[in-house]
Structure formats: structure tokens, C-alpha cells
Amino acid sequence: MTPVLASVIDDFSGGIDFIFNQRESVSGQTQVGGHEMIHLTLNHLALSAAAVVVAAAIAVPLGLYLGHYGKGEFAAINASNVGRSIPTLVLLAVFIAYLGVGFIPIMISLALLALPPILTNTFVGTRQVEGDSVDAARGMGMTEAGIMRSVELPLAIAIIFAGVRVATVNVIATATIAPLGSVDSLGTPIISENVYGADGRLGAAIAVTVLTLAISGGLAVLQRAVTPRGLKLGRGEPRQRNRVFPSLRRRAQTTP
Amino acid sequence: MKMNTKILSVLAALMLTLGVAACGSDNKSSSSGGGGGGGGGGSAKQIKKVSGAASKGTITVGSKNFPEQFILGNIYADALTAAGFKVKKSLDLGSEVLAYKALKQGEIDGYPEYTGTALTAFFQVPVLKVPKDPNAAYAELKKKAAADKITALPKTPFENTYRLAITKATAKKLGNPKMNSDLKGKTSDLTIAGFPECKQRVDCLIGVEKTYGLKFKKFISSQQQYDTLDNGSADVLFGFTTDGELTTGKYVLLDDDKGLWPPYQVSFLMRDDALKKIGPEGQKVIEAVQKPLTVKVMGELNSRVVLDKQDPKKVAADYLKEAGFTK
Amino acid sequence: MSALLFAQIQFQSRKGNTCVAENGLCPDWITHNFDRYVGPFWQHVFLTVTSVAIGFVIAFLLALLAHRKRWLIPPLSATSQILYGIPSIALFLLLLPLTGRGNVTALIALVSYTLIFIFVNVSTGLDGVPPDAVDAARGMGLSERQLLWRVEVPLALPEILAGLRIAATTTVGLAALAFFAGAGGLGQEIYADIGFKSNVVVAGGLAVLLAVILDLLILGVQRLLTPWRRATS
């Protein structure tokens, strides 16, 4: 038992050491780890941010529009379910096979991954805005676009944000396999393990875990901040709220 | 929504085939022969059962994670199976570091490794210090591995080493270079491509730039290497001598005239205790099945996987059949 | 000697622009190579079904426990949420030093991802049972255990099965990365030749198909077990 434990501790301390201290690569002459992890982390975040921004730029207006006019309920609600049935690896692989490697195809595939939760949540959030508020705004002479922008969007923002949070966490986790499409991320030491070594692979796994949990936690705190008091239903998985009894919606869990 | 029904029907068809294939795979081992046409000459080489092989316990054969390794792993594993040993395959171990670790820790009993790779990656021999003579390199590996209680079995005829590759058209444009030195002074506006790790390896981009004094305009990393030459996104490529794509005759390889690269023949590495299990008879089987593996044959087998997209398992089985080791 | 030795290896000419060489979607290739996906497909089924089953047992029991001891809900749901938040590839790799390559590592990770969906949905489902129904049952003299199994669980079934559906489809996707733990599956086939369209479409298609089939299967079970809901859903 002890030698097993010793080797486990050895593996993990090697991985952690890789994160903080630069070392020579397995194949020699170049320096990997340590400082390089910052570069990989920034790349990872830039790729993820681009994907989420693109997804939100499409999904939020679309969700607002569909929600406002009450159109496409089936599609908007089921987008998340359909999205979940397509494994992320498959999504990425299809883009690599059909569009080739590089930043754009990978970013688009990650954006597609981020789209469904944002769309579903925006739609649900918009639908939940009280009819009275909308009528009042209309009575004041607001245009439909104005209502969407100034009434529905602010009132739905907490739920939209919950969707953005789920999407972001998914994208950051999935960006780990971006190196399959020749885009550097924290997954690079995992995929190019013959340069970075076993320590690099484990170190990157640790780094990705910490990064994802930190961002997930940070967004959860932020989500509380943007949630109006008395409306804390910003739980991240819209699908659970909407799948069964609509009456359960309001009781959906708050984010821990 | 009508798109959906279309997709569903295709998937349903797939599912149907899946069921059929599942039933069909049972009798795979007994059929699908016939192609060889060398029935008479084959019998002398045919692998014979080693007596008592089945009682030696399971031999786990590993490999790294690219086509040539999958083929080799399957060839060695199938050969041992044909000799009557109980064999398990673990053919997706990742890089050499992981494969070697798995070997040392007993997770696998043996796997094919390249002499140059083993010396540089496991025994910290600097790339330029590896003996240029293949026999000397193998001898050094054998000696060093012994300290880890690992036996490096005799090497293969073929060598899978780096070479710079260009298309025939590019060769013409550059005045038909024959070796790396011929590129001197001509590379400032050439883009070079390689697998992602290449730019960081002494035996790849770094080494070529230093040894030959070549400076390329740009390095691009790509998994689909020869495509980059075909579609013009790169002019020069870090290729390997056994690359399947070379069988198309569309490319020219340049000689390593300054001897940058170490020898890269394959040696099947086995832990000493595992080697004892299969005994000299089992070792003979391993040495025998690799004898026909010249650069040309290995290139052909690779191209069956890389270009014809055949299953490495099938390619290995076909090889053993075609070479007369199995029926 | 050597000429004779190699005479039997058949060197193929590769001049023509075949579908495979052009990286198309090749029906011929697919029919000829389909059997290589059979093993990985069943391995994928094994990984998914086993982990969802184990995850269901664990999360269901925990949810029942938390139903009685309410203070357990926050720590349990927080834990399952954090587990779910760990990127799957990372978790596979983090487990490797502890449990080695293979099914065990893959299953531990996959099970841990199913917990959140099942736990949350079972809890929500049990909480959603109308108080009237519970009161009526108590009035009829049902014991706590009878109340749970005859009233609360049946009424929570739609929610529970909905959680199971989410867990199943999600697990199919996560199992596509189980090859990082050395457990094979369809993801391995995709990874082996990620640029080849026919390969990606067949292996990826099978994974999607598996997700859809499992989803529909559980939906079917739900329809069978809760006929009273058919009209409303």
C-alpha cells in the first residue's frame, strides 16, 4: 500500500511542480511548464471567451425575440436537450473534419456548444416577465424592440446569466480538447504529452480543474449579484425547470 | 424537422448494419483468406504452436498511439496468439514516456519502440550523441535497457526516421534538391509544416535549423501533414520514411546528409520476466514476423491505414497472411 | 531470398482519386469498415449504462436520505455540483495515478457526473409531491415507508426519470472522452482519425444515436409507468 501511495504522491507533486516551475521538455532544449502555463491559460480563456461572446451575441437577441413573441417554444426549450445529445468530441470532430483545423473552426464549434443553454434560458427568462410590465411599457408608447431591450432583458437578466454561466463552464472544460484542432490551450500538455511528459499532462489536468472550478464559482457569485432579491431562482440547468410541471419552475434550486 | 427524419433514417440504417456486423464478426477469424496466393511457399514460415504456450499466463502487448504503432502492436500480438500464447492488447498507451512507464510497472509486457527514441527519451542520450550506426545504436539501447530489467529484442529491417518532404512540383521549382543541404539559401520564403510538437524538438525543427543553417519563413503545426503540402499551405514538411503517403509517388524526400537524425529502427521491448514467460521460442516468433518489414513494406502497411483507412487490426492480420505467417 | 520473402506482400497502386483519398463521405468504405466500430460501440454502451445504473443507485439512496434529513441537501448538492464542475478529461487524468488505466477509472469519473442530475431530480420530485396527497395517505394510516414507496416515489417518477434521461444522454457524451482513461469507446475511434469525414460521421453518428436511443427508451419507460401523465405532457 505504501509504495502505491508514494507513487501517487510522487505523480501529483510532479504535476504541481510542472505548473509552477519551468523545466526542459521531454524532447529537449525548449522550456515548458511554469511560465508557459500562463500563456496557455490566457489562450484557453481567450478561446473560451470568444466562443461565449459569439454564442451570446446570437442566442440572447434570438431568445428575446422568440420569447417576446412567444414563437418557437418547442425549439427554444429543447435546444438544450438536443445540444446535450451531441457529444462535445463529436461536435469538435465534425468541425475539424469538414472545416479543418485552426482558431475559427474550433471557436465556432465551442460557440455552438454554448448556444443552447443561453438560448433556452433567454427564452424562459423572457417568457417569465410579467405581462403587466410589458403592457405598462407598451402603454407608455415603447416600441416592441424597446420593450425587449429595456423591460424584458433587464428583468430576465438573472436567468440569462445562469445560462451564460453553464455555457461558459462547458466551453472552458471543452476547450481542453482544442489542441486536437491545432489551437493551443491548457489541453496542449495533455494532448502533446510526448513533449510535456506525464508531469505536464497531470499538471495541465490540475490547472484545468482549478481554472474551471474558479470560474464556475466566480460566476456563481456574480450571478447572485445580478439576481434581483426575491427572485433567486438562478439555478444553472434550465432544462430541469422546464421539462416537467411548470408549477415547479419557481421552486427550482438556487445555485449553491 | 424534415432534416431530422432524414438523419434518423440514416442512423436507423446504420443501426441495422451494426446488428448485422455484430453477428458477422464472430466468424471473422475463419474466413476472409484467399488473397495471398502463396499457399505453397507460406507453410515453411507459418507460425507453429509453442508447446505449453497457453499455460504461461497472459502476455499484454502495448503500443503507442499512432498508425504504425497500432499495426506493429497488432502484428506482434497476433503472432504470439498464433503461437498459442494468451495475449491481451493494450494499444493506445499514448507517448513513449507513458508506454515505457506502463512497461516498467508491469501494466504491459512488451511494446515496439524506436531505438533513437528510446535512447533519447528514456536514457537522456542527446540527439546528436546517439551512434549513427544502427547496430551500435541498438547495442547501446540493449545495454541501457538491461539496467531497467528490460530486454530490447533485435531490431527491425525498416527504420522510421525523419526526412524533409516536398512535392515533386516544389522540387522542380527549387532546382531538384537531393539533400537537406541543397535547400541552403532557398528557405527564407518557404513555410515548413510538422506535427505540433515538432517546433520544440531537437530532432525536428530546432535541429534542422541548427545543423543545416536553414531558416524558414514560418512553421505551421498540423495533424494532417501531407494535406498541407497538397493545398499549398506549406512547402516543406517534416515527414517520416515509412509514411503511407509516400506510396503515392507524389513526394520527394531529402537526404539527411549531415547525419542529424539518429537511427530509428524498431525494437520490441520486453520486461525480462515477461520474456522468460514466452521463452526463446516465443522470442523467435517475434523476430521472425518482423523480418519482412522493410521500409517499403512498412510504408505499404501504413498507407493501408492512413490512405485506404483500413483498420490496423485488419492490416496486421493481412500482413501476417500475405507474408505466410498465418493462414 | 529476400525478393521471394516479400513477393507476397501486395503493394497497391494509389493513383486514382478515390472517395477515401479525397476525404469524402464514402458509403463503400463505411460498409466495409463498419465492423471496426462494433466493439467500441458496445464498450460505449457498457460505460454509459453501467455508470448511469451505479450513479442512479447512489444518488437515489442519497436523495431518499436527504428527503428525511433535510440538512443533508445543501452539502450533498454542493458536492455533486462540484464533481460535475470538474472537466471530464481532467478527472480521467487525475484518477489515473490512483486507479490506473481502464474501465474502473472511467466508471468512477462517469458515475460522479451522473450524481447531480439524479440527486437533484429525485429531490425535486419528492418535494413536488402535493401535500394533500401526503396528508391523505397519512390519514389512511400508511406508515412512513409505505408513504414513500406507494405515494411519494410514484408521484415523483416523472421528475426522477427526467433526471435519468439527462444523466444518460450526458454520459454518452462524456464517455466519448473515456479513452483518456484508457477505456476505449467510440471517442477513441473519432480521436484516431479526427480529420477523416467518414470516420467522424460514423463514430460520431453512433454516439448520437446511442444518446437518442437511451433517451427514447427512458421516455418510453416513463410513459409506461406514468400513464396518468400522458394527457398532460
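Every chain is named by a letter (A, B and C) in the order it is written, and numbering of its residues begins at 1.
The working rule: a contact is a pair of C-beta atoms (placed from the backbone, for glycine too) under 8 Å apart; a residue touches a chain by one contact, two chains touch by 3 or more.
What you see is a predicted model, and the numbers here were worked out from it, not measured in a lab.
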If you tally the C-beta contacts, which comes out ahead, B-C or A-C? A-C
Centre-most chain, if every chain is reduced to its averaged C-alpha atoms: C
Quick one: subunit A and subunit B, Cα centre-to-centre, how many Å? 38
Please work out the Cα centroid separation of subunit B and subunit C, and write it as a whole number of Å. 34
Centroid distance [mean C-alpha coordinates] between subunit C and subunit A, Å: 20
Which subunit C residues touch at least two other chains? 194-196, 199, 208, 212
Among the residues of subunit B, which are close enough to touch at least two other chains? 223-224
If you look at subunit A, which of its residues touch at least two other chains? 101, 180
In the complex, subunit A residues that touch subunit B: 25-30, 32, 101, 179-180, 182, 188, 191-195, 197-198
Quick check on the complex: what are the subunit C residues that touch subunit B? 4-12, 14-15, 20-21, 29, 31, 33-38, 41-42, 100-101, 179, 182, 184, 188, 193-196, 198-199, 202, 205-206, 208-209, 212
Taking the complex as given, what residues does subunit A use to touch subunit C? 7-8, 11-12, 81, 84-90, 93-94, 96-98, 101, 169, 172-174, 176-177, 180, 187, 190, 201-202, 204-206, 208-209, 212-213, 216, 237, 239-240, 243-245, 248, 251-253, 255-256
Complex interface listing, subunit B residues touching subunit A: 94-98, 101, 120-121, 126-127, 196-197, 200-204, 206, 221-224
For the complex, which residues does subunit B have touching subunit C? 10-11, 14-15, 17-18, 21-22, 24-25, 28, 35-38, 41-42, 90, 92-93, 102, 107, 223-224, 227, 247-249, 291-292, 294, 296-297, 300, 303-304, 307-311, 313-314, 319, 322-324
